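So, here come the structures, one by one.
Shared between the two complexes below is chain A, which has chain B as its partner in the first and chain C in the second.
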Partner chain A sequence: MRGLARYLDDIELPRMLHAAFVRSPMAHARVVQIDVEEVRGMPGVVGVFTHGDLAGVGPIQAIGPRPEIKSSLRAVLADGKVRFVGEAVAVVVAESRYIAEDACELVDVEYEQLRVVANARAALEPGAPILHADLGDNRISRIERSGGDIDHAFAAAAHVVKVSFHHGRVGALPLETRGVIGDWDAGTSTMRVWNSSQMPHLLRALIAAPLGLAETQLEVMVPAVGGAFGLKASVYPEDIVVPAVSRLVGRPVKWVEDRYENLAASSHAKEIDIDMEMAVAEDGTFLGVRAKNLSDPGAYSMPPFQAHHESLGSVNCMTGIYDIAAASYVAETALTNKAPLGVYRGVGWTPGQTVREVLVDDVARAIGRDPVELRLQNCIPDTPYDSVIGPRYDGGSYRRSLELATEMADYRGIRERQIEQRNQGKYVGVGVSPYVEPTGFGGRIGNELGYPGEYYDTASISIQADGSIYVMSGLNSQGQSHETTFAQLAADGIGARIEEVRVVQGDTKSTPFSAGVYASRSALIGAATIGRAAHEMKRRLVALAADMLEANVDDVEITHGKAFVRGAPEVVKTIADIAAYVHWGGGAAAVDLEEGALSVSSSAAPGGSYGNGCVVAVVVVDIETGKIQVEKVVSVEDCGTMLNPMIVEGQVAGAVAQGIGDALLEEHQYNEDGAFMSASLLDYLYPSTMEIPDIAIGHLETPAPGVPGGFKGLGEAGVIATPGAVLNAVADALSPFGVRVHSTPLGPSKVLDLIDEAREAMSGSA
Partner chain B sequence: MTCEQLHHVSLIVNGVERSAAVPARTLLSDFLRHELGLFGTHVGCEQGVCGACTVLIGGRLARSCTTFAVQVQGEEIRTVEGLANGDELHPIQESFRRCHGLQCGFCTPGFLMATEALLSENDDPSDSEIRDFLSGNVCRCTGYVGIVASVKDAALRARGVNGSDQ
Partner chain C sequence: MKPESFSFYVAESTQHALDILAQEGDDSKILAGGQSLIPLMNFRLARPAALVDVCHIPGSERITVDNAGVRFRCSVRHRDALHSNEVNAVAPLVGQALKWVGHEAIRSRGTLCGSTAHADPAAELPAVWLALGAEMVISGPHGERHVPAESFFKSFFTTDLNADEMLTEIRVPPAPDPSLRRTAFQEIARRHGDFAIVGAAVVIDLDGSGRIAAARVSALGAGEVPMRLRSAEAMLVGSPLDDQELLENVEAEVRKSVQPPGDSHASARYRKKVTGTLVRRSLAECAETPSTYEGML
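So, the complex of A and B:
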């Protein structure tokens, strides 16, 4: 706020050097030779390194838990071949970033162009160039599953409605780009790393082996993070190269990704083709749903989430809030010559939710039903419900959230005014998108959704001699205000004042292990670990206070930092008094030392919980220009017990804005030759104040039954559900033309094309 | 270390004369951050689009990432560090804090400077005037809801009306 927060690029170490990368301009090529002679003698250049200079460093490998999922190896600097535009080929280390970038221009790389795999369909064609020879072909995964009698469902259907949808390639694009500082300490054989990461402990675990270090030789520190949204939850080549070259040159080295690198060469998200069809009974009952998808994950598997996550995620949510007795899917992934797909808020769930909700609206129009009524007719009960295809919902407000969101948006009123407005030439549309999402990703949900594995987190609380309280968490904040929510959790649990609590996060040496901040893990896991540690700390403080007050433990209460005997609040012992008693006054011996120690750690391997809600969007479409104005968004969310309404609303609004960007504006584009077309923020359209309307937020609270405190996550919901609502609103506005929406992003020229296509189809069939 | 010719650049930054010798191609953003240690001005794109690096040059809003330091020799520069008075937040900062106008904080210095410029020319902006004026600054966290509320709150307070107490 005052400009005092320290982000990665604000860190300056003595004798620090700066790195810049030489990157491939080619989508697919053999690297014939790299000539660095001209650079070596340049004033200010300290070193230049290619793959051959980094012997024993790398590669990056994503290890898969399922045999039907393959994963690629990735050299940290190109090993004889480049596979996408922007791939790192060499690194220059110099006295300034300016000099390092000058030097990169003088590195002479000779390429021999190879045939390009431009999309996932082409990747599977016979004779397609194979990206990774050791994998045999480009197909990285094919996963099938079915539940219920799907053939019967389709045989019994009165109507079958299909959609073929392309969800575009987008990016998380945090405003702060990625960055790494490596600082090798030869004296202690320790590598200190600063990294703008969402998962310091997991990053340490994943880069230790490629760097040839034990985890105890590696300290990963995360300073203030300027947004992440998933982009900073993967392992990238620079995470390894920068520390490695620091060791080679014997000085600290900093690299801060520039915006071109962030756009072209960090990670992209969500590109997938989905075919989905619904079998519907005469009365509108959904009998069965079938999906087949093919995701384009670019050129490499990115650890820890690998290349199949969009494909699998999008089918996991295919039944949504609907009671459907049969479902089946085939989920495929095939490598192409594009930047790798990483994870971005609402992984898989965004395209999966979007396509399902677009299909439900298509069904409603096809059988002449109101889309809200049709959804309510098919909605699951609010009690726990097992989907036929994997997810086991733990109860929520599936029906009520849809009702509340449509009430708040004045759905009926919009419908009543819509026809008259149309007659005046104003095309207003309303779209709804009810959702249910897995949050607090842990072992139970992971197993339900086909990601077998266990997740483990720890937090610790210690009270210092003056009564001030440390909360140590391996979960680090990137704008989600953990400092506030974690301090609040600890203060509430202990009975302390929030002002006395200081949250330490993002440093692998001082904080306990966490599997990281993604998939709305923080609220649930913070509550499970910090809440449990705080509870135990309170028990100890009460025991100590009882000793000091010469009272029975059952009679002592602690609140707002003060302990007293119930009914006698005039005599108090503050937490500072108790801490002093333990540290200097013999208190630790007075009670059992083990009991009295003011340091508590608590671990949890939470199972997770499903949050739910509903987004409604109202749009106006200008049929002359194709421009879509989002007039209003209503988001009703149910994240169980709410920790802090202001922070919840901030998360919702931010995610809704990203969802609007996903639906209407944002796209990483490649041409057929694999050239990257979105190299600046003028080419990749970011939502500004002008595209985002006021967002009305409604809250429902259905506590999670299996989570301490009843918390559910909600960080992804807006990105997951908003695109479906917006696209449905556009199709609704343009329903007089019979327009169906089948891709994102929906820019003005595409809107005009859709109107033209629909008009032609109408005149053709007339 | 380098053969580049250095130029003596002297600026009045937040009311204090500051100077350093830098190559001609040094961006104002780099000059403020890495020569003067004023890290509050952030760099989000170096393409002049995102607005994170926004400062006031002679009272005018400017992108410090597309301005060379030597171009603004002798000018008065205001950065985010010049807003607060010690520990006492500037009223605009107070409004951003109260109305949840920030999450990760990276875009915030740019929005604060833009708001300062807006309110100096219009003390009672409408929602659409606020959105229009701030359209050159990008935020990826808030969906702009908290930011617009913060600017309205700051305008109210600047006019002596009690703002939001949320």
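So, the complex of A and C:
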């Protein structure tokens, strides 16, 4: 880390202005009138705009991809109504951000308070205020599915164990907040936009119509991004308003989200209630699983992923690594007066995985079985397996990863020491959380999981006259080191030196179309597109070298940037020699001139693959203070062939840290009146290095059968699996009191409440 | 998240700072590290018209240790106190508490006097000053006055300081016999470096026979100001420190005596219970070992 990356806020354009937004302090209100007169004359203020001033701009459209999901619209500035605290009502453009913020305070908005929908349950009650009158009611999606004979499974069960779980509302909290610069070029009718986005092409596609522009009139550029984690994969009002006001004032306009805006108005995530029950045979066999959930997506459905994503994701993984013959779910979503829910690393899977694994531990305790043995008894084979309710796993190390992770954590040893330690007042617990997750979300997996849609990504490679190599990809890094892995893929495929490869990303004008970086897509799609292009480039280089060396193409080899005739490595042609031959020596005639001798584009629509692994957490709970110390985390992952072990381990560590935050610390809180209670980092607690233990990482490699190179994604696994492991470890530590853990986050105050409640319940039943 | 515009002064002496305060009036504020004030200004929760930076006053960074105890002048940074061997030799409680204050970057900028004058009820240092019987030296237009820590903290973020005054020094009196003094500091926070949910500071002076001659116990996060727990102190005097039953009785007494607020990080009930636990544990820590400074150096 040397601080040399250039982020959006480092960009300074000539004559650039700064925007600040007036945001709603109300959770639900009619906007009676907005008085901007006092602001217009302020020195340094160039413009102030409300919804009425942005005629023809917007709205943001969320088009339900299935009949069970309602389509909805969102005005880019409040159109007569505000629906959550932090919603943008007006924008001021000024010579500095300071002046713009001073001016925002003087915009006088008159609100008429409306009744607040404080949570998703309240949203569905008869007589609840309706957030969007055109939707009829607040239920924005309701999806049902079942597979196998679920009624029979429950009828045949010796035991039925049930949990009602609340997963708290969290946020992705990237170190760099969002930001947008709009720069309208009236001379060419072109809009240049810089946006700290995960998906430049998709963003361009989604904001072009609201801005009234063709995609060719819109250039989206993404500079270095300081983390995103899904928060930067939605379309927000500011993405449209900032370019729109640049066009109105005729000058570049910059807006960099501050931390309050980031906490209050960027996407939140993962809030959901899930009821899940398991039918279990006398011998511990899982017969069936049933789930009903209700997600709280806040006030708007945000494209492209929309409001139903959390609720559908959480049931898609309901059978996990277990061989269960019957399953059914009802997944619902109801709008409330909170910030909109977006996607955050492990979307849907985090609460779904957590609830399932907590339920499995509850089953184990209920029937007196060791939780690891019970899991192994019900585990699917490592060969491809079709689950009864959607996912069709393509083979992995489902069983082996559970065995390896528990070995690495010394599971047996912990169990042996646990009772003795309890007698000394030390409450140690161990929890496991094996997972299988869809990665590289392509058409095949998307359709299996109920997200209809196909993807088609392209990458290109071109070799310059000096032999240096461009890889052009629409998959832009937010810190995942595409600069390294994509260069590696290209260098390996071509036979070039990695030092010669330069990866170009984050620019819709110069890079080919990609749907973007989310859902653990980059490794698979990068490999498929760049790998194919590199393979074709190598074929051409070999043909050219054969021409130069007067040899047969079958005898020419190319490696580390040098081509030579096999058996005669003393005479070499470097890639620079070959490039010079093409560009200056007429060599292009040796290959297909029409295609562009040293320029290759390749496309792919990979179907995706399921990654898997297992997280084990060991915790110590101080039963007097409720303080939980995570002593150790073991993460075994199987991401198929590993592209780069160092980057794999970085992904694991970061995601495990976010998983610990999810389980123990992080929560966006609203009170019953819809007031936002987590407006600063004093209130929204992310894990620091002090809360993260050493993480032991184990690697297993089961190559993905349908993916070039055999790669699978893994960036989300830690956030998916860690919370379940941590909660199970806490419940295990506190099992002498009969504590069950059915909500996140688990702060010390809640831990003491759980112990007290469990003690009271025990003494009541005794 | 930008502050309103304000005037900025760098004071060259205490008198200079006082003159500026007098001239700028009630809307002026002393800047002494800015680790709380600047964020409040960025949120526009504080809107001072003028800031007077006192960290460049010559000699204001000085720590003096002599027969009269320890004196921290107004711009002594947390880090400098934490790393001072002299301070840790005579008043180890300061270092025991300071290692809980924020993170390295915060400790490098923040000052003892600044944090004390800010008077967050969950901050570590105010409770430390109560337990050590420290004295606040306040300079104002009418000269200097000395206020015991106990009368200094009035309510949430409010002290005995008037708008035209500044906290120029904190004085910690010497222990009657340093070899017979035991101190401990414990707190619970959601994360290391956060303001505490609750915490406890304990100073015990033993007599020659190992019984408690004097006890000062204070709590943070348990009310709108840091507080002495006098009923608990009274129970301790005259007893040996390693009396388990006594410690448990003190714990119960503390739980009875505090009336803490609840918030999103912990309920009132939690704070009540855990304040008792931490006082008991702090006393047990005093019983186990003579206090030495164990910092995170």
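What we mean here is this: the second predicted complex is superposed on the first by the 758 of 766 C-alpha atoms of A that agree within 3 Å, B and C clash if a C-alpha of one lies under 4 Å from a C-alpha of the other, contacts with A are read in each partner's own complex, and residues count from 1 in each chain.
Rule of thumb we're sticking to: contacts are C-beta pairs under 8 Å (C-beta built on N, C-alpha and C of every residue); 3 or more make two chains touch, one makes a residue touch a chain.
Not measured: the values here are computed from a predicted model.
K.L.:
Looking at chain A, does chain B or chain C touch a larger number of its residues?
P.N.:
B
K.L.:
One more residue to check, A:Q669. First (chain B), second (chain C), both or neither?
P.N.:
Touch status of A:Q669: second partner only.
K.L.:
Under the stated touch criterion, which partner chain does A:S749 make contact with: chain B (first), chain C (second), both, or neither?
P.N.:
second
K.L.:
Which of the two partners, first being chain B and second being chain C, lies in contact with A:E101: first, second, both, or neither?
P.N.:
It touches chain C, and chain B stays clear.
K.L.:
Tell me the contact category for A:S680 with respect to chain B and chain C: first, second, both or neither.
P.N.:
So A:S680 meets both chain B and chain C here.
K.L.:
Looking at the overlay, what does A:R259 touch: chain B (first), chain C (second), both, or neither?
P.N.:
Both partners, chain B and chain C.
K.L.:
Check the residue A:M690 against both partner chains and state whether it touches chain B (first), chain C (second), both, or neither.
P.N.:
A:M690: touches chain B and chain C.
K.L.:
Across the two complexes, find the residues of chain A that touch chain B and also touch chain C.
P.N.:
98, 258-259, 680, 682, 688, 690
K.L.:
State the interface residues of chain A toward chain C in the complex, per the touch definition above.
P.N.:
Chain A residues touching chain C: 97-98, 101-102, 105, 258-260, 624-627, 665, 669, 677-678, 680, 682-683, 685, 687-688, 690-691, 747-749, 752-753.
K.L.:
Taking the touch rule as given, give the residues of chain A at its contact with chain B in the complex, in rising order.
P.N.:
1-7, 9-10, 12, 43-44, 95-96, 98-99, 173-177, 224-227, 229, 258-259, 478-481, 646-647, 649-650, 653-658, 680-682, 686, 688-690, 692, 694-695, 718
K.L.:
Quick one: in the complex, what on chain C touches chain A?
P.N.:
Spelled out, the residues of chain C in touch with chain A are 1-5, 39, 43-44, 103, 188, 190-195, 197, 264-267, 270, 273-274, 277-278.
K.L.:
How about chain B: which of its residues touch chain A in the complex?
P.N.:
1-3, 23, 25-26, 33-34, 38-47, 49-50, 52, 79-81, 83-84, 89, 93, 96-97, 100, 102-109, 112, 127, 130-132, 134-148, 166
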